[in-house]
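Step one of this worksheet: look at the structure below.
Going in written order, the chains are labelled A, B, C and D, and every chain counts its residues from 1.
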Amino acid sequence: MTTIKDSVHDHIELEGVAKALVDTPAVQRLRHIKQLGTVQLVYPSANHTRFEHSLGVYHLANRALEELGIEGRQAERVRAAALLHDVGHGPFSHNIEELTARHTGKYHDDVEELLAAGAVGDILREYDLSPTHIAGLVAGEGQFGQLVSGELDVDRMDYLVRDAHHTGVPYGTIDTERLVRELTFLEGELVLDTGNVQTAESLLLARALMNPTVYMHPVARISKAMLRRASERLLEKTAIDAHELRRMDDHDLLVALRETPATEAFAERYGSRRLLKKAVWAELKDVPESLLAADHEEIRDLESAVADRAELPVSDVIIEIPDEPTMRESTSRVIVGGDIRKLDDQSPLVSALRTAQQGQWRLGVYTRQEATDRVGRLAVEALGLELSEGLIRETRGLHATLDEFE
Amino acid sequence: MTTIKDSVHDHIELEGVAKALVDTPAVQRLRHIKQLGTVQLVYPSANHTRFEHSLGVYHLANRALEELGIEGRQAERVRAAALLHDVGHGPFSHNIEELTARHTGKYHDDVEELLAAGAVGDILREYDLSPTHIAGLVAGEGQFGQLVSGELDVDRMDYLVRDAHHTGVPYGTIDTERLVRELTFLEGELVLDTGNVQTAESLLLARALMNPTVYMHPVARISKAMLRRASERLLEKTAIDAHELRRMDDHDLLVALRETPATEAFAERYGSRRLLKKAVWAELKDVPESLLAADHEEIRDLESAVADRAELPVSDVIIEIPDEPTMRESTSRVIVGGDIRKLDDQSPLVSALRTAQQGQWRLGVYTRQEATDRVGRLAVEALGLELSEGLIRETRGLHATLDEFE
Amino acid sequence: MTTIKDSVHDHIELEGVAKALVDTPAVQRLRHIKQLGTVQLVYPSANHTRFEHSLGVYHLANRALEELGIEGRQAERVRAAALLHDVGHGPFSHNIEELTARHTGKYHDDVEELLAAGAVGDILREYDLSPTHIAGLVAGEGQFGQLVSGELDVDRMDYLVRDAHHTGVPYGTIDTERLVRELTFLEGELVLDTGNVQTAESLLLARALMNPTVYMHPVARISKAMLRRASERLLEKTAIDAHELRRMDDHDLLVALRETPATEAFAERYGSRRLLKKAVWAELKDVPESLLAADHEEIRDLESAVADRAELPVSDVIIEIPDEPTMRESTSRVIVGGDIRKLDDQSPLVSALRTAQQGQWRLGVYTRQEATDRVGRLAVEALGLELSEGLIRETRGLHATLDEFE
Amino acid sequence: MTTIKDSVHDHIELEGVAKALVDTPAVQRLRHIKQLGTVQLVYPSANHTRFEHSLGVYHLANRALEELGIEGRQAERVRAAALLHDVGHGPFSHNIEELTARHTGKYHDDVEELLAAGAVGDILREYDLSPTHIAGLVAGEGQFGQLVSGELDVDRMDYLVRDAHHTGVPYGTIDTERLVRELTFLEGELVLDTGNVQTAESLLLARALMNPTVYMHPVARISKAMLRRASERLLEKTAIDAHELRRMDDHDLLVALRETPATEAFAERYGSRRLLKKAVWAELKDVPESLLAADHEEIRDLESAVADRAELPVSDVIIEIPDEPTMRESTSRVIVGGDIRKLDDQSPLVSALRTAQQGQWRLGVYTRQEATDRVGRLAVEALGLELSEGLIRETRGLHATLDEFE
């Protein structure tokens, strides 16, 4: 048995297949991928990685299996899936996932190939575990896949407390022990046992507060958008292809961006934290339907058009249109009166949070500090936004924390 | 200057009038009044007192004054009010407040008399502060009274984090520094500055989760109801009157209950934690309007009637009808777009939380373990409740934590 | 199974005999005995009780048993002993233990009688456990007694972290999980496994820093001495005898002291925190051997003599001569190179800490603020102390924390 | 003013020159240098950087200045020095400092050139601060230099608590607020005020426990030695010189090591955590004087000799001879009885800790797992060590934590 000291869960014990997997290159690589990507530019101590998060997810999965009384091969499979669930991440975690997925068709939880190959594949087969089956669990398939990826998965439980610990933002501080103790299977569904409506709500609320404060903080969004744009340029201007990009770690990508002439300017801005600024920050209701449906090419064209009119290089104008908010936890299931109920039906908070998230959604247009006014006006026109001068001005009011650090 | 080490806010500095007040009997008495009364029977480490809470409130008030740039006599008044805000509490804090208030007309924040008398009065006058004015601040009067008692007061900020620290329930872990830094006065109103809708929501959500899990935990409610009933008997059967009762501390009351023959049985049950159990646990929608409007005497009569029919001593049947839930924080004000807005209007969460609280409300009827079925049936009938057998059975499902410790 | 939420160890699970014992009057009584007695007058948030400490000791014992692979009846015995180990404490824990022991011959760990009687005795016998055997474990007898009371017992592990949590003094923050994981039995002795010299040292060092800062803080010592003196008077002036006193809880004692005319003055001073002050604070090297050997009567005579000469009531002069410091952890055993070694032999820190403790030792003479000079001079003479004016003056320099709060 | 949220000190406020400096490339570069270098291979969550540490040091310096009543230009200088004190660090902090210093003559605190150049120099001059003067403060010169680099500097205070927070090892949890509040200047010397012998000891003890458990953990030492060796090879085999190496960040170095054929093998071992293992682990008393005095070339020759005899490539044998332990805190000064005393003279712990550190010192010889026996025997002979078979075997016993994670 191997024991690892973790700043969140204290001692984590690795046995069996997990112990064998931990030192493989695929898992060790996660040491070099920050959990929160560019959020570190807002919260300087948020440097934790996918590696310790994966250990934490493994640990909570193990605790849940203990409480559920699941042992043997089935447990071994879930433990492997928990430890391996993030090996598909590219550099900076989710930050450039959309870009690589556009070219490769693969998101971070599409790991079958990765699990079948190399040392990981060898070990899984040695333990008589099917890479395909484990990849299915990572993708949330089957009864036990719910533990790894689902409304009540241990992934979320770990990242909320871990992100709170490392950012210093207390909102993510949930009661993980309570959660793993109350998980149960009923009719093949992973649910929280009787008496846990609030427990389920607490998970939802923690994410509702961490979202605007941490994950979607405007500065994190802007720097992420800049990174994505620069990475796209890397694909265009160098021999690096999207498959290669996806398997880089943070070091590889940062150095590549520094060393490529076409992305040097980005690297320099990033390195001295001279980020672009908000030119437009528009609410969902002010954005035309057609724009929400625009594909990548159309948005690139709009960026070019605005940059042209503003007489700026195209790299100085970024239009970011986030997906419409979803709330996976809303379908968390709890037992009430002996029946399984969806949290959605049980808690009036769910729909309120959904409305709140809609209200927090913003389309962003970013540019150089000195050009924000000009680009703002041009972009409102080009994008067909219906927004009052007032709303642009109010930007600061819409987000929760540390705006001064912008 | 005096420095005190606090487990929540670390070093707390006392100066001026606060330093003079801290060692008065009225303030020192708070060392002997538990912050959460009978909640200690659910969360064994919840033994913190009104004394350290008062220091914490003083500390946060002081921080807020610093951030608001308020100095001199005005600040001195707020500091005095913060430190003194809880001197009006009786034994077990809120637990028997309703009882003493019925007889004395005084709630815990009615402190003018207490502030004018004894060492506290002497010190206030020595510092040229008016006891009447300070009492007004404690009651939330005037612009600065909002800091001590209002929707965004520092009282709430302290108790949420302190109760979380001492119970071990993480839900109350709010960001107090963020809150005090963002307070500002606009047109005489205490509001949160631009960019703090989520900050205001976080306060609301923390209380929404602490409420059912801690403050209104069924076991805390039952033991509180038992304590109130026994204290009422103390007033009936001994020379102790309500004014005297109100000025007791926890030690005085517990010993009086142990030494009075009429309350000995309660003391014995309490001491060995043999609490009454739920016989009925009814939702708001199932309770007739007339019952919600019933006064104390009417409820006592109903208890007698049920006890009679169940052939139990009247002390073995308790009917508890909580007030309908309110949510003071809902009118917290935040600045959005340069205007003051009520959180109510700004956040969809407020009305959802209000609905959630309505849903959590329960009427309780408590009796001895062995009589719960019988008393349950009789009480449903006597109270005119419209509730299905099912709902009685489901009791466990409605509360969030540690039901096993019932 | 019963689950209890603890602010230190999070979820604590009670099963079997422990679950049966927890609601007995003997264990529930511990809810009313503060863990640190008068230390609360220095650290206001130190209101934790022997009850939650007992749960914590039970929890760590249980963890240790799991790691050691001990199961069945043997484990059940240790768990019972851990939960019951403090039932022999009198009011204010160790504060008046010396007084009651002088009259009853019983210290807090002499619990055989208590374990054989009442509900505890019934339950132990029902679980086929011998009260005598359990009492032996509490007293540290036999191989498994070492877990409950010994150099590496779980008692110490719990109180260090718990006292740190509730006082806010970080020095006690040890790594309890590391400690319980590394315990092992070798030749019947409880030792720390190979690789744990520093783990053993950390325990020693935590106590070395908590001692002067918390447990032996001058204000805690003075108030304890006052409490002991007042309790002694209670025995002299009322019908209460030492056996009865020993079975009181904090409430009983405080109320008795308030209600007894002979101790009213103490109660009033205590209630308004007008404590006696240091008149003499003398180092070990300045105290004559004969004085260290003086018995209780001789010290009482010295107090009377000094009070007489100072023209003060005898209750206003207290001479406190602590025992010479011991350091039980010094004989902790660790495995080094396959052999058991005493920490004493292995770590140069042990003898240094012993010297440090000797250096921290102080004889105290306490009196009313206004009489400290006069009483100081008279006491130095009466006690035959060899101490320079300088040393008296330097008092503040000798202790670690929060002198301002004296 | 800029406010930054820190996971250790909560809100950190930047004003004046510090606010201007924080976004310079020299300071932002520290975001990419891990505080503890390869310690991350033992404690996976130890990914914090010199950037947040520098903010923390700035924050504590600011707190100390407030408490000391130092304002104006003098304070501005100290704040600048605190924020800039680590800009001279190379990649992986101290890990390869010895190597770059051998070639460049510059250690991390030799920053005059760096402070005079670029944006930092411009800003300092704009604020009328002399880069030379600030560099002097960073090097600990003058009265105020003691705050930045000295026995009681705020650097140490920050790193102990920060390293504890991020590793999860509690030993570094000191009371930083207590420390900054008790600092005072007496006769130009920075000392702890009366009453703080234990406060000074606590700092010493925290480091004494963190040292073997974290900073000198065998796995951290081995991986550091491997990194240093590989970096040396980089200098030999590529166009990169030591000045350039010193100004790299962690990304640059890791990628360079991966891309250079001569260091590829190292990069691959590092990436899959297949580290070398201990072949010899010898105590100070067993190492000949001459070996302790050996210079870099001599040690390289010994490595070659052993590798040759063992028929291994020279990259597979590393001999690491740490400097003899020093203990800077031993000369911390505290006020006792109105005089300044060195902690050394006041506390018996200091010399004991010195002895303990001597006892913990180890010479290490590292090689591939499968060759440890063979290389061990050859190295003992080549180095002239006097060590028993026993001592080699006991290795595990000498270190405090997580040996399993080796």
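Observations, loosely collected:
Definition applied: contacts are C-beta pairs under 8 Å (C-beta built on N, C-alpha and C of every residue); 3 or more make two chains touch, one makes a residue touch a chain.
Quick caveat, the model's predicted, so the values are computed rather than measured.
Of all chains in the assembly, those touching subunit C and also subunit D are A, B. Touch-path distance (fewest steps) from subunit B to subunit D is 1. Rounded to whole angstrom units, the spacing between the C-alpha centres of subunit A and subunit B is 40.
Between subunit A and subunit C, the centres computed from C-alpha atoms are 50 Å apart. As a whole-number value, the distance joining the C-alpha centres of subunit B and subunit C reads 33 Å.
The set of subunit B residues touching two or more other chains comprises 3, 10, 169, 178, 401.
Of all residues in subunit D, those touching subunit A in their complex are 1-8, 10, 23-25, 28-29, 31-32, 34, 40, 43-49, 51-52, 55, 119, 165-169, 250-252, 254-255, 258, 271-274, 401-402, 404-405. Subunit B meets subunit D in the complex at residues 3, 10-11, 177-178, 181. On subunit C, the positions that touch subunit D within their shared complex are 169-171, 173-175, 178, 194-199, 201-202, 205, 208-209, 212-213, 335-338, 347-349, 351-353, 355-356, 359, 390-391, 393-394, 396-401, 403.
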